[in-house]
Structure formats: structure tokens, C-alpha cells
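Each structure below appears as C-alpha cells.
You will see two complexes here that share chain A, one where it goes with chain B and one where it goes with chain C.
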Partner chain A sequence: MKEFARRMVGIDRRIIFLLIAAAVLLPLVKPFGLPIKVSPEVKAVYDYIEALPERSVLFLSFDFDPSSKPELEPQAVALLRHAFRKNLRVIGMTHWLTGTGLADGVFSKVAAEMGKERHKDYVFLGWSPGGGSLIIAMGQDLYKAFPSDYTKTPTRGMPVLDGVQNLRDVNYLVSLAAGGAGIEMWYVFGKDKYRFEMAGGSTGVIAPGLYPFLRSGQINGLIGGLQGAAEYETLITQKGTATAGMDAQSAAHFVIIVLVLLCNVFYFMLRGEKGRPN
Partner chain B sequence: MPEPTTATILGAWVAAGLTLFIYSFLYKDNPLFKLGEHLYVGISVGYSVVLAWHTVFLRLLWEPLRKSVSEAPTLLESYILLIPAILGFLMLVRFIPRIAWLSRIAFAFVVGFGSGVAIPRTVSALILKQIEDTVNPLITMGANGLSMGLDLASPQSGVNTIILLVGVVSVLFYFFFSVEHTGPGMVTARMGVYFVMIAFGAAFGYTVMSRMSLLIGRFSDLIKFSGAEYGYATLVLLAVTVLTLIGWEALVRQERQGV
Partner chain C sequence: MIFLKRQLPLVITFIMGVTFTLQYYIPHPVSEEAITNVAKWMQIISGFALFLGLASLFHVHAVKIKRQVPGWGYSLVLYAGMLGMIAVGFWSHGETRVDGAQTSFGWLYDYTMVPLQGTMFSILAFFIASAAYRAFRARSREASVLLASAVIVMMGRVPLGQFLVPWSWDVTQWLLNVLNSAVRRAILIGVSMGAVALSLKIILGIERSYLGGGRDQ
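Moving on, here comes the complex of A and B:
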């Protein structure tokens, strides 16, 4: 038995890669449809948007780039579908330079699908430098911070921005973030100063660090990773790429848990052997 | 679903190929991975530079400056944008050693302005607000009089407030090195370690989920691009990648034997 444990501890890591690849690939090819339970933090975002009156202003900040696309694009698509279905006006922007094209693509795709018009129902402002300073500038005057949008159309006079002068006129803001320049920054320089309600959508990596903000009420909801996106898709009853990926996610997690347990068993079996830690 | 355009098919071939090239690193470092890696870095930088040029230089500086100067050339405020332009230019003089000291003016402005804006806001939003939430009341007055919530699932319940307070104090004590961790101090510090381990566990779990999501994203695209409408891009490029790796491996072995 010890010999087996010894061989297993020294197993070629490429076999583990293959196991994980198989665990991800098989459910994607043949899904088994595990149920998706909606968490209160995701439901809070849905409920807030659901309660907004028609033509209210939803501000969506795409604070990510293509490296986080698999987690945050499904969140963006689900939020946009919900907002457009509710006939809300959507203002978009990004703090991540390399995410500009991706964000505009998501807007165009979902707007075409839902029959919405650029500059009338939504506007994508694009990227501008400054981070926190830019948020402060937008809090003072949106038109000075963004004199024109991503398509170089002057923002002043756009029907979608009717009655919107600065961030105080935004009814709800959701930052979809893959790092520091996102939810935290929007709270620190935006919500805390200009008093609008906001929520966050994040990658799994940064989600645990955002729970203190949720608990303290600094954000009213949190969509965490692909799981959060799948929950939101369940809430809007329109399945997308996140729901499709959840079986694969569960299967991969199962394999990892089994591997961690086996590794610990082998470790304890070999404990005390010469050259191995006690 | 609409038929993919030529541009989409071409994009699918590039995306599938580069994904497979990057994943070939899981076998071992190889020229295909290097090609993918260098293309990624080059394209990211190129894209950022072009966007920054158009957004920052042209849209925020050149166009408004040209407009204001042509409309009112005698007004001093028409030239106001020259101030940030000069400050920005001063940052670049770091590359000229003789006048590199001039860049300190621009950096002083950035640091001074940045600190002034960030410090009060950060203290208020990230420290004071979080401290406030750490000391929530245990007993609350409701419709039925005084009560203490015992629901572990509710973040605001009294029992969770106690756990939070114990966690914050014990973790802070663990990182307080001016007192020897013996007796009750050791118990508190040990408790702090457990809280830290739980936090690390949660962070690691979420990180695994995040990384798996990225893998799922790439695999979903690879499956999509393996269809006939994309010219079986994934399957063809997978075969190309495997054959190239076999050829490269044989070449490396041959060279090694030759040495």
C-alpha cells in the first residue's frame, strides 16, 4: 500500500491536467443539468433592478478585460438583458483600457438581440484615464468627463442621457470588476461621495474580499464569478453561457476535492518515512 | 443562428490556434507556447497604445485644444490644457538623464493630488465604515421588544456579530508582536490563526472556481469552433499542434544525442 502511495505522490502532473480537462470537457459536451440555487446577494441585485421604474438609469461599469471574459461577460449579458427587458436606460463605461472593445461588443450584441438603439436606450462612453479622479469628475459633470462617447458622438443632447447631469442622477450602478479598479474604487470615490445605490459583480478571485462591503451595506448585492452569473441567468429565466458552464464547474470541483483528499491520505501514509516531513 | 462571416471564421481559427498553443505549455515549454505568449504581450501593448493615443492625446487634449484656440485665440483660458500637456511631457524627460530631474515636478503633482484625493476618501470608506460594521449592537429593539438574533445564515444576527468581533480581535492580536504569545495570549493568537486559515480557504476555493471558469470559457469556444461552420478549426489546429510538438520533441532529442 505504501508503495502505491509513494507512486501516487510522485505522479506526473500532466495526468492531473488530463483529469481536469476531462472533467471540464465531458459535461460541456453532455450536460447533466445540476440545479442552480440562487444566493441572497445575487437576488438583491435582481430585486433592486426589478423594482426600478421604466426609463430609470442603470450605470454599468465594465471594469475588466478579455482575461476575465468567461466570468464577467455572462454577468454583463444577463444584467443587460434584464435592464433592457425592464426598459431601463443603460450607461456603460470601462476603467480598463484593454476591455474597451469587449465591452462595446457586449453592448452591441445584447442591444441588437433586444431591439434597443444606441444613444436612445443605451450609450457606451468608452474608456478615459483617471480612475478615482475620473469618478469624481463624473460626479460633478458627466459631460465634462465624457464630452463624447465611444463612437465619438457628443454626449450632450443624447436622448439616453436626458435628465442626467452627473452621478447623483444615476438610479443604480453595477461595477463588474476583475481587480482593484472596480467595485472598491466606485464605492470610495463614487457612492460614498455622490450617494447612489450600487452593487458589484466580480471574478471569483476577488469575491471573498468584497463580502465585508456587502455585510456593511456599502454595496447592496454581489454577483460572484461564473456561479453568480448562472444564478442571475436563472433569475431572469434566460439561460446563457454561465448556466452551460456550471456542470463543468461542479465536475471539476469534485475532481479537485477528491485529489486533495487522496493527496492528504497518501501524505499521512508516508509520514515519518526517511526524507519526508513528519 | 446566422452563418459566421469570413472575419468571424478567421477570428475563430486565430483564437482556437492561440488557445491550443498556450495550453501546450501544460506538456512543457515549447516554441508554439512562446509564439502565443509573445503575440499576446505584443498585441495587448499595441492595442493599449493605440487606444491611449486616440482617447487621451487626440480626444482629451489635441481636439479640444485646437478647438478652443481656433475659437478664441486671445483668451488665456483657451490654453489651459497646455498645463496638463506640459506636466505629461515632463514625465517623459526621465529618459534624458541631464534633465531627468524635471520629471519630479510632474510626479510631485501626481503624488500630491492623488494622496489628497485618496486618503480622506479611503479612510472614510474602507476603514471607518468597516470599523463601524465590526461593532454592531448585539441586542436590537424590534416589534416584540429586545431580541438577539441567533440565525447563523443572517450576516446581521447577534451570533455573527460575536464571531466577527472575536475574529477581528484575535487576528489583530496574532499580528501584534510586541507581546509574547503565551498563556491567554497564545489561545487568542491561535484562534486568530484559525480565522486566517478559514479566510485563506475561502479565498483559495473562490480562486479555484475562478480559474476553472477561465478553462470552461476556453473549452466552450474550442467546442464551438470545432463545428463544420468554422471549418473544424479546433480539430485541425489540435492535430497541427500535436504533430508540431512531436516533430519538435524528435528534433530536440536528435540534437541532444548529437551533443
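Moving on, here comes the complex of A and C:
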């Protein structure tokens, strides 16, 4: 038995890779479709957008690049579907240069699906350098920070920006962030001075670090990872890639838990041995 | 020259640091105009920083290729990728789409950059699983607590876990909202106080390492 435990502790990592690959692929081929529970932090974002009057301004900051696409694109799609369904005006931008094409693609895709027009119902401003100072520039004067949008159309006079001079005129801001240049930066340089309500959407790995902001009310809601995106899809009753991916994530989590527990069982079996594993 | 290299940057840092700390508390039109203009300067300076970063990256990898250090082939691939992307970007006038049709720049972005970055990130799942199997052991009381909470959170954050162990959802919410928040808040307060102290040291000219060269510069 001890010999078996010893062999299992030193198992070839390619076997673990195969198990994870199977756990991810099989549910995608044959989903088991378990119900998604909605957390209060995701519901808070949904409720705030739901309560906004028509033609209110939702600002969506795509603070991620293609590496976080599987987690954050479904959040962006679900938020845009909700905003367009509510007939809100949406302003988009990104702080991540390599995320520009991705963000524009999401806007174009969802707008076409919902029959919305660029420059009338939404605008994607694109990327500009500066990070925190860009937020301050937008807080002072949006048109100085972005004289033209991603399509090089002058921003001044755009119907979608009617009545919007700076960030103070934004009704709600959601930053979809994969790292430092995102939610915290928007709070520190934006919300704190220009007084708009904001929420965050993040990858699963940084979500726990954002809970203090949520508890203190610095952000009023948080969509965390693929699970958060699936919860939002449940709320808008329009399933997408997040709901489909949750089965794969469930299975992968389950495999990792089983592996960790098994490894601990083998570890305890070998614990008393001389030269035991550590 | 010493004045330009040492005293002038320190004077600029002190004046700008003090002025724009006070500016935050003065909502006068003159003060607002000042921050509007300075924010624009900072945006422009950040743009130059991007070029500096790019130039530095080119330089580092050029040296590696020239000296043929181990792995210099990767630097060559980096050069080819960057120069190729820049050339195609200029060719497409920086547009990913024109009249709904994808440009070659857009094609490169969609079919090389997006899948490559996605692949890099998704490989993590495999390595995390392998590392967790080998390293996540209940060696001590503290490690056991960490192991138990990790298992509960991994269960509570996915539908299968919530289905098999229904209480894992509530416990996960409590762990994230109470214990995790408290610890993260403590870390954040510590980091923020450190940032304030460092900012003061820079404004007052005590911390000068940003000038380069060493403490006595």
C-alpha cells in the first residue's frame, strides 16, 4: 500500500494534465447544465442598471487584453446586452492597448445583435496613454482627453454624448479589469473626485482582492470571474459562453479538489517513513 | 549640468507635488484649468514612455541576438513578430476593420495575438493543477486551515460544488466577505501608508533613486 502511495505522490504530471484536459473538454461536449446561483454582489450591478432611466449613460471600461478574454468577454457581452435592452447610452474605452481590437469587436457584435447604432447609441473611444492621468483628463473634459473615437470620428457633437461633458455626467461606470490598471485606478482617480457610481468586473484570480472595496461601498457591485459572468447571464435570462463554460470549470475544480485530497491521503500514509515526502 | 541633472528635477518634483496635492482640495476654476492642462501633459508624457519601453525592448533583444546568448532565437522571433506587426499596422493605417471588412492588421490581431495570449493564460490551469497536487499539503495547522478553506471556496464558486455540498455557497460567501476582506483591507492600508510615505519622501527630495545612478546623485 505504501509503495502505491509513493508512486502516486510522484505521479507523472502529464497524467494530471490529461485529467484536467478531459475535465475541461467533456462538459463542453456534453454539458450537464446545473443551475447558477446569483450572488448579492452581481445582483447589485444588475439592479443598479435595471433602475437607470432610458438614455442614461453607462461607461464600460474594457481593462483587459486577449489573455483574459474567456472570463471578461462574457461579462462585457452580458452587460452590453442588458444596457442596450434598457436603451441606455454606452461609452466604452480601454486602458489596455492590446485589448483595443477585442473591445471594439465586442461592441460591434452586440450592437449588431441588438440593432444599435455607433455614435447614436454607443461609442467606443479606444485607447489613450496615461492610465490614472487619462481618467483625470476625462474627469475634467472628455473631449480634450478623447478628441476623436476609435473610428477617428470627432467626439464633439456625437448624439450618444449629448449632455456629457466629463465623467461627472456618467450615471454608472463598470470597469472590467484583469489587473492593476482597472477597478482600483478608476476608484482612486475617478469616482473619488468626480462622484459617479461604479462597479467592477474582474477575473476570478483578482476578485477576492476587491472585496474590501465592495464592503466599504467604494464599488457597489462586483462580477467575479466566469462564475460572475454566468450569474449575470442568468439575471438577464440570456445564456451565453459563461453559462456554457461553468460546467467545464465545475469539473476542473472537482478534479483539482480530488487530486489535492488524494495527495494528502498519500502524504499521511508516508508521513512516518524515513526520508518522507515534504 | 549638475543643476540640470540634480537640482532642477528635485525643484520640479517639489513644486508639482505640493501644488497638485493642494489642488485636490481647491475647486476653483483656475485650479481646475491647471489640472486639466497637467492631465493632458501627463497623457503625452505617458505616450513617450511607451516609445521608451519599446526602444528598450528592441535594444535588450538586439544585444541578445548580437551576442548569441542561449535562447537568442526567441529574441529573433520577438523581433520578427514586432516588426511584422508594426509593418502590417502601417499598411492597414492602424485600422482593424474598414467598412465592416477585416484588414490584415485585424486578421493578425484576431488570429495570432488573441489565440496566443489565450493559450498562454489557459496553460496556467494545467500547471496550477499539477502544482496544487504536489504542494498543497496539510503539513501544519496553518496549512490545514488554508487547505480546508481553499477546498470550500473551490466548491462554493462552481455549480457542481454548490449542488454536491449546498452549504459550501454560504461558507464561501462568508469567507470572501468577512475573513478575506479583513485581511485584504489590512494589507491595503499598509500598502497605502507606505505609498503615502514614499510619495512624501519623493516630494521632499529625500528619496532620489528615480533620478538614477544611486542615492548620492
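Heads up, the rule we're going with is that the second predicted complex is superposed on the first by the 276 of 278 C-alpha atoms of A that agree within 3 Å, B and C clash if a C-alpha of one lies under 4 Å from a C-alpha of the other, contacts with A are read in each partner's own complex, and residues count from 1 in each chain.
Following the convention adopted for this analysis, a residue touches a chain if its C-beta (ideal position, glycine included) is under 8 Å from a C-beta of that chain, and two chains touch if they have at least 3 such contacts.
Quantities reported herein were computed from a predicted structural model and do not represent experimental measurements.
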Should A:F124 be classified as contacting the first partner (chain B), the second (chain C), both, or neither?
neither
Look at A:K69 in the shared chain and tell me whether it touches chain B only, chain C only, both, or neither; answer first, second, both or neither.
both
Just checking: does A:I20 make contact with chain B only, chain C only, both, or neither of them? Give me first, second, both or neither.
both
In the overlay, answer first, second, both or neither for which of chain B and chain C A:L102 touches.
second
If you stack the two complexes on chain A, which partner ends up touching A:Y187: first (chain B), second (chain C), both, or neither?
first
Which partner does A:Y48 reach: the first (chain B), the second (chain C), both, or neither?
neither
Check whether A:L259 is in contact with chain B, with chain C, with both or with neither, and answer first, second, both or neither.
second
For A:P212, decide between first (touching chain B), second (touching chain C), both and neither.
both
Applying the touch criterion given at the start, work out whether A:A137 contacts chain B, chain C, both or neither, answering first, second, both or neither.
second
On chain A, the residue positions that both chain B and chain C contact, one per complex:
17, 20-21, 24, 67-70, 97-98, 101, 128-129, 133, 136, 193, 204, 208-209, 212, 214-216, 225, 227, 249, 252-253, 256
For the complex, give me every residue of chain A touching chain C.
11, 13, 16-17, 19-21, 24, 32, 34-37, 39, 65-70, 97-98, 101-102, 104-105, 108, 128-131, 133-134, 136-137, 140-141, 144-145, 193, 204, 208-209, 211-212, 214-216, 225, 227, 246-247, 249-257, 259-261, 263-264, 267-268, 278
Counting only contacts in the complex, chain C reaches chain A at residues 24, 32, 35-36, 38-40, 42-43, 46-47, 49-50, 96-97, 106, 109-110, 113-118, 120-122, 125-126, 128-130, 132-134, 136-139, 147, 150-151, 154-155, 157-163, 169, 173, 176-177, 180-181, 184-185, 188
Spell out the part of chain A that touches chain B in their complex, as residue ranges.
14, 17, 20-21, 24-25, 28-29, 67-71, 97-98, 100-101, 126-129, 132-133, 136, 147-148, 152, 184, 187-189, 192-193, 203-205, 207-209, 212, 214-218, 224-227, 241, 244-245, 248-249, 252-253, 256
Could you pull out which chain B residues touch chain A in their complex?
26-27, 44, 47-48, 51-52, 55-56, 59-60, 64, 113, 117-118, 121-122, 124-126, 129-130, 132-133, 155-156, 199, 202-203, 206-210, 212-220, 223
